[in-house]
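Note that the chains take the letters A, B, C and D in the order they are written out, and that residue 1 is the start of every chain.
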Amino acid sequence: MGISDGSGYTPPMVNKPELAGVDPEFAQRVLDSFERQGLMKHLGARIAQLHPGRVEIRAPYRSELTQQHNYFHAGVSGAIADSACGYAAYTLMPADSSVLTVEYKINLLAPAAGEELIARAHVVRSGKTLKICAADVYVRSGDAETHCATMLATIMCLPGKNDRLG
Amino acid sequence: MGISDGSGYTPPMVNKPELAGVDPEFAQRVLDSFERQGLMKHLGARIAQLHPGRVEIRAPYRSELTQQHNYFHAGVSGAIADSACGYAAYTLMPADSSVLTVEYKINLLAPAAGEELIARAHVVRSGKTLKICAADVYVRSGDAETHCATMLATIMCLPGKNDRLG
Amino acid sequence: MGISDGSGYTPPMVNKPELAGVDPEFAQRVLDSFERQGLMKHLGARIAQLHPGRVEIRAPYRSELTQQHNYFHAGVSGAIADSACGYAAYTLMPADSSVLTVEYKINLLAPAAGEELIARAHVVRSGKTLKICAADVYVRSGDAETHCATMLATIMCLPGKNDRLG
Amino acid sequence: MGISDGSGYTPPMVNKPELAGVDPEFAQRVLDSFERQGLMKHLGARIAQLHPGRVEIRAPYRSELTQQHNYFHAGVSGAIADSACGYAAYTLMPADSSVLTVEYKINLLAPAAGEELIARAHVVRSGKTLKICAADVYVRSGDAETHCATMLATIMCLPGKNDRLG
């Protein structure tokens, strides 16, 4: 279950009880919502992996995404990791619900110097109202990935509020 | 000391001992660095207030900055608040230094629905190596501002490392 | 409305719409809950101020509360600031509800060297389910207070779950 | 290299370049410092595992450690996870240095109901001045462990400042 862009990354096996009742339309629901995020398009970001409880978002390097030393700006790491956490949580929410970021905290670990920024998020704890997610951000140069940021996020489910309607 | 865009916001008085030795070229140094941040330009963000220990950054609404419900994306709040914190800290650093975000945490308080996003940051504690900053993010609709996010950030000074050279 | 121990600190005026419907028994409800926290007693902590949306907790210095340099341990700052945030939020919750800390983040600003540790918390945003709170921690030496920590916390209301029953 | 209390938990293998130059006296240095933390003794906490870049701290249940529902108080999770992060970082610092928590963020994942609280910390990124650490907190009931909290922390090395002298 899920989609993959064939980029070679295999997410860890997930086998948790809360995945039993996953909405079968979760992937389409997430992709529709992502498509409506103007910022993700503006950053050139795309969903590369999408599984119950796990999402990977990638953004190729462009000078429009830089801080003052021409590395990826921490704000880009924050934005794609936040979206990855939000959508990882959203895969586990009911069909008729909307998703909201309550808060996140990010530590920058190394300069994000490379060709592509990759945020990999997973749900750490899936409560009914709140889902706690973690994301790690890597910057890729050729075949090598450097761990450049790590995030903890609290994501909220708004039940009975269709995500298309805002 | 400092610049203001005349938008009418008066930052609180600042009168702290650590401001005594502020580099007189702080404003030019911050503006130069900000100018080199490709992301800030890409988001349409500008520095609207710049004083020792205090920075305000504003970004007007565009569909390129949205989440799925057409509000400002939390990633934009995070990015401009992070830059505001970083530059608020950088105003208090020596001329020959570079600035780095160690980490930040942001709470989203209300939907960021409006015409302009405004991040106001100030230095809470100015240590030699680390400066702890807080930022509040407001979204403006006409004359009304709504408090939509709040951030705590840890910013690092890299002494003897010119910010132009990366 | 509220209680004060006469220690001379006057909390800022609070005049927000969400305070209109405060449960008139809020103070007794908070004190009852605090009384049941074994940890607060073990740390020698007490509620010194209690108003709708605002709580102050104080703990006098004891060698049982120290880190390796004989200052107050960061864990004590975290514990009393967390309780202050939780109870500041709880003052605004309905009578028949329980309170839960979702997460908090604390920055340590200065060594907590002094005779008494004081955590002052207030509600920044009072949603129905989640209340976002901020706390500042001060350490007092004689009449002087030093700002030694600052916290942002997310607190959850569990409606229809009496706090006495757990 | 390291100590273990034989409680059966085997920490993951660590094989990172930064471990090459570990101070051979790291274990004694950490234990000495821990011994001087009045709060850890007051909470009944002890170091159960101690390896380069990894520390486990355990505290048995006592009514002195509770919140209002008789579970472990979040402040205890925060305090032992903070100490575990700080000492995990301290194992990788030079002999003549002191350790300081800059900040931490903790998410509470589940009620900490059980007989023993266990905080397991490791260094995620070991910079010269700052070490970023993660900790997971588990509560044990019989043989079963429940993941009840997760922390990200930023720890600072103060070189040339002996930890015994404060």
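The rule is short, and it goes like this: a contact is a pair of C-beta atoms (placed from the backbone, for glycine too) under 8 Å apart; a residue touches a chain by one contact, two chains touch by 3 or more.
This structure is a prediction, so every number in the text was calculated from the model and none was measured.
Looking at chain B and chain C, the chains in contact with each of them are A, D. When the C-beta contacts at A-D and at B-D are tallied, the pair with the greater total is A-D. Distance between chain centres (mean CA atoms), chain C to chain D: 25 Å.
Chain centres here are Cα means. That of chain B falls 34 Å from that of chain D.
Per-chain Cα centroids separate chain A from chain D by 29 Å.
Those residues of chain A in touch with two or more other chains are numbered 102-103, 105, 107, 132, 152, 154. Residues 105, 107, 109-110, 124-125, 132, 134, 147, 150, 152, 154 of chain A are the ones that touch chain D when the two sit in their complex. Note for the complex: chain C touches chain D at residues 33-34, 36-43, 62-71, 73-76, 78-80, 82-83, 98, 100-108, 163, 166.
On the chain C side of its complex with chain A, the touching residues are 102-103, 105, 129-130, 132, 152, 154, 156.
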